[in-house]
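Take a look at the structures listed below.
Presented sequentially are two complexes of chain A, the first with chain B as partner and the second with chain C.
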Partner chain A sequence: MITYAAYFAFACYGAAMLMCLWKVAAADQIGDRILALDTMVINALALLVLYGLAFGTEIYFEVVLIIAMLGFVSTVAYARFLLRGNIIE
Partner chain B sequence: MAGIGAQGLDSGKNILTHMGKFRIERTGGIPLSLFLIVALPFLGSVLPALLIRAGRNSAYLSTAAVTLLALVGLLLNAPAVMRGETVTARLDWLPGLGLNANFFLDGLGLLFAGLILGIGLLIIIYARFYLSREDPMGQFYSYLLLFQGAMVGIVLSDNVLLLLIFWELTSLSSFLLIGYWRHLPEGRQGARMALAVTGAGGLAMIAGMLLLGHVAGSYDLTAILDQREAIQASPLYLPALVLILLGCFTKSAQFPFHFWLPHAMAAPTPVSAYLHSATMVKAGLFLMARMWPVLSGTEAWFYLVGTTGLLTMLIGAVIALFKDDLKALLAFSTVSHLGLITMLLGFGTKAAAIGAVFHIINHATFKAALFMTAGIVDHAAHTRDIKRLGGLRKLMPTTFTLATVAALSMAGIPPLNGFLSKEMMLEEAAHTVWADYGWLVPTLATLAALFSAAYSFRYVAHVFLGPVRDDYPTEPHDPGAGMWMPPALLTLLVVLIGLFPMAMASTLVETAAGAVTGGQVQQVHLKLWHGMTPALVMSIIAIAGGVVLLGAHGWLDRVWNAMPRPEAKEIFDALVGAATRASRAVTDTLHDGSMTRYGAILLAFVLALTGYAWFSGTLAAPTRRTMEIAIIPLLGWIGVILATALVVIFHRNRLVTLVLIGVVGLVVSLAFTYLSAPDLALTQISVEVVTVVLMLLALNFLPRETPLESSPMRRMRDAALSIAAGLGVGGLIYALMVRDFAFPTISDYHLANSYSGGGGTNVVNVILVDFRGYDTFGEITVLGIAAIVIFAVTRAVLNSPVRAYLLNRKPSEPQSGDAHPMIMVVATRMMMPVALMVATYIFLRGHNLPGGGFIAGLIAAIALVMQYMASGFSWAAERLRFPYSALIGSGVLVAAATGIGSWLAGKPFLTSAFGYFHFPPLEKFELATAMLFDLGVFLAVVGAVLLALESLARFAWRPGIASEFPMDINPAREVEETTAEEAR
Partner chain C sequence: MESLAEILISAGLVIGGIFGLVGSFGLIKLRDPMSRLHAPTKATTLGVGGTLIASMIHAPLFEGHLSFHELLITLFLFLTAPVTAFFIAKVHLHRNERPETLPTPGEDRLWATHDADRDGNRD
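Coming up: the complex of A and B.
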């Protein structure tokens, strides 16, 4: 059962990734593109956790940890850039 | 505590970079190793540069002490050499390349090293009193010691590759010395010319030596010297000979490369006396003498070396007579005497070699003394122009005596030492037949001796004799003892060797000549009177003719000046100018400053080469099957291809491009994870974040859109090239991936030895900190240097007028009002300890599981950068307790100390040791010295990333943004303020 669930989830997150990619490519505003990239990062994280669950391995855990911890820094930097131009002031 | 294993770099025998093992062989109980004699001047060159702060005398005494120490070390080795032994010191450096730090000391090496160190000591004393207060003396002595070390290295090297390194070092250090007075244009030009000529010769010699080593099958001199027959029979003999001779002739100022030496006379006189009479110009002679056993004795050798020497001797002597500058006269006379020695070596007989060796000693003594007296005259009379001098005999009696004795020796007057060796030269010349013309060599040699006598007499007559004049630039007077003692000592040698040649010099000449000719020389007989020989007749003709020429000098000088003659400097400048124009034309065509053009040229070239390889080579059938395409990789593939294509479409909008590159980075990290390379994925993710921060810092100063500049045709061209190159690379990688490796890869070795050799199961980390630890050490050093350079450049830019522009810059787009939003400050502040803990965790597990110092360093750096972004530059900088440069430095030092620590255990640099420890209540765990090394990596990475980002952030800093609070709007603060007001 868990296998089917995993495959279903793979399909969902995969589709989400592609949709995010679509938004990165064809959004009206740069803010949307940045948010889409951020969502892509979260989806990637989910995909990795899912992969670990489906195949019963812990090796991906640290990668997930680092993505979860650092992934938002780029988004924040983009946002600061849009709002203030200068990211360290 | 059990099971401590120690093994490391040395287990990787096939790894080239590992340090050599010491293997020092000593024969005959030597008190001071040759290594130390060579190393002393190099190590000591730091002393004067530092001690000059304690005064000129400290710098001078330290230099003299270093030289004296090296000289004493050499003399302690002398008895063994005189007994006919060869002292050696050997150290395998890069045996795979044939490069060994081997030194040996035989008679020839002893003679030259003695000259270099002995005359060097006198020059150091002389220079102390010669240089004026304005001259930076510490620098001078540092350069001099560098040069001295390089020269000693040349004469003691037992490996031709090592010798070449020292050879180039003498060119470089002499460049610094000639150009020492950098306010003088002649000095700078002379230095450049000397470097260009001797450097070019050095390049030719490298090629020649490589050929020679190839033929002999070894780069060790002692091995090469044994293979005379094999080398002379080889078809490569002639090219090797010509190339090596090019190096020797340029260095020793032989015709037609003699012109640099007179121009190098713009150097301070101590330099001229040291480099251009006693040592550097003799390096070429030394090498010819050193190679004499293998290269000489052939027709090619005789005609090339003998003829060049003869011509140089004659031409130098003739020009010297007509030079009015004292130092120019001495320079051309040096050229002439170098020619004499070259000619004797070229004759290829043992007797001629003895004469050459003897004349090397004699020339060094009288010529160094003459240069020093010329310097004294220049110092005292403030001119070196012979036409403005004369009559100094009464004003400067000491200098007059010294100069006269030395000059008469140069002229070949008995009973001085110059006479002895000139007799030997004439004797050899009298017996030498040049291409069936028996009269040619004796006649020309006598003529050269005649001119030599004439200019020697002129040096005395026109400078010191004659009536006292009243139009000297200043009042000439004898100098203090510090200046006349060194030449006096040399002049004393001139007289003593002349009077008692057997007692003074015969043993040295014998051993040195024995080393040159590669065997025992029969007893050398040096004496003043040989009876009425042809040589004596030639000598008498030369001296008499010299007197006559001096008498006719006024008339000859007018004829000489009226004659047209080629000016070497103009020819050289024209050649250099033409070469510069040609290289500039090539460079400007290829590199006009446009990146697309560089790219296009590079790609076109690579495509042409690979296209040729593809069409001329063959490709075996694939040996591996391709894998099934699974759904997850397919998704990633679509992602990366789409994102890349979008980068091409959107590349003019820089911010969108950055976002799209972020997509590529994400997919690549996922791919690394999927393909079981979690280390790479971790690194990729952290590097992505740092890159985005860096790029955004830069984008702040760049236009948002790239303007359209290239024409459609050019874009078509570039598109075609890029597509071709991309397809080519893709195809190549595909072709590689469907085939097995042709050779076994090094990966298997690493996988097999990671745990047993490096004590870690994470092969990536073990490679970084152990197998290739030396590379990592270099890399963190380079990383640190790069960050410090960024810091320095930032400082320089911000100190320039650019600062005003930066301060007045207005943001291109409207800004939001809140510079430091509360939610971001709070979030990053909470993230900081978590991130640091994760960094620690990643660091600690690194040796056995994915992680390590590099990734941990990046994570820690990002945690700190977050604070900079959230709370502001000033707020973060205020809380900084250690400067980042100190972090970098401590990182490199910790890594170095770890590496050096393995020396204490008697292992090579960076050998790691590991062991298992058990402290209750903890579980048993492993500790490795590699972890300390990794700590160094961690510190260096944190420091470098933060220093670079902080420096770049400084550009955008403007006054007024900074607030003393971490967040601009803080409700808690408002509450505090209201309560404070209410309380009032």
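Coming up: the complex of A and C.
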């Protein structure tokens, strides 16, 4: 039962990442692109956690932590570049 | 006992997957930029939370060890999602709105992101 639930969640997050990718390609404003990239990072985190659960490995949790930090910092840096014109002043 | 844990883990996975799908669907479905901000930051965070809860139940029962990585990831995500949403909302205010189209902030000032335009270098 856990296997089928994990496959269902894999399908959900895969479709969610495709929607975010379409939004990155077809958005009409730059803020929506940042939002879609941030959502893609969160979906990638969920996919990695699911992979660790479904295949019984725990090496991916450190990867998840690093991707979470990188995603947050890159989103804030991009938004700050749009707001101020530079990142570190 | 074993089947109850399986039901809990499966429920967490399925609910988390549905929330993640709904969040990303709202990103392409909603019309207004400010309301588009709600769907990914709230629903997707809940979806990842459900997946992490399922993983936390799964580790001691099926792999035989406690796992606290999920608590760290949950804490980090729940702390950073509002900050990210705030920054993207500020980008929308900065690029799409003029001071005339916004409601007044209540004091004798403009909104902070437009105030920087007027007197040079204030944030």
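One rule holds in what follows: the second predicted complex is superposed on the first by the 89 of 89 C-alpha atoms of A that agree within 3 Å, B and C clash if a C-alpha of one lies under 4 Å from a C-alpha of the other, contacts with A are read in each partner's own complex, and residues count from 1 in each chain.
Please note the rule applied: a residue touches a chain if its C-beta (ideal position, glycine included) is under 8 Å from a C-beta of that chain, and two chains touch if they have at least 3 such contacts.
A quick note: this is a predicted structure, and the numbers were derived from the prediction, not measured.
After overlaying the two complexes on the shared chain, residue contacts for A:S74 are found with chain B alone; chain C is out of touch.
After overlaying the two complexes on the shared chain, residue contacts for A:K23 are found with chain C alone; chain B is out of touch. In the superposition on chain A, A:V49 contacts chain C only, with no contact to chain B. Touch criterion met: A:R33 reaches chain B, while chain C stays clear of it. Contacts of A:L65 after superposition: both chain B and chain C are touched. Legend: residue contacts after superposition of the two complexes on their common chain; A:L83 is shown touching both chain B and chain C. Common to the chain B and chain C contact sets on chain A are residues 10, 17, 30, 34, 62, 65, 69, 76, 80, 83-84. Per the touch definition, chain C reaches chain A in the complex via residues 6-7, 9-11, 13-14, 16-18, 20-21, 23-25, 27-28, 33, 36-37, 40-41, 44-45, 47-48, 51-52, 54-55, 58-59, 62-63, 67, 69-70, 72-73, 76-77, 80, 83-84, 87-88, 90-92, 94-96, 113, 116, 123. Only residues 1-2, 4-6, 8-13, 15-17, 19-20, 22-23, 29-32, 34-36, 38-39, 42-43, 45-46, 49-50, 52-53, 56, 58, 61-62, 64-65, 68-69, 72, 75-76, 79-80, 82-84 of chain A touch chain C when the two sit together in their complex.
Contact residues of chain A toward chain B in the complex are 10, 14, 17-18, 21, 24-25, 30, 33-34, 37, 40-41, 44, 47-48, 51, 59-60, 62-63, 65-67, 69-71, 73-74, 76-78, 80-81, 83-89.
Against chain A, in their complex, chain B makes its touches with residues 631-632, 635, 638-639, 642-643, 646, 655-656, 659-660, 662-663, 666, 669-670, 673-674, 676, 678, 681-682, 685-686, 688-689, 692-693, 696-697, 699-700, 811-813, 815-816, 819, 824, 831, 834-835, 838, 842, 849-851, 859, 862, 865-866, 868-869, 872-873, 949, 953, 956-958, 961.
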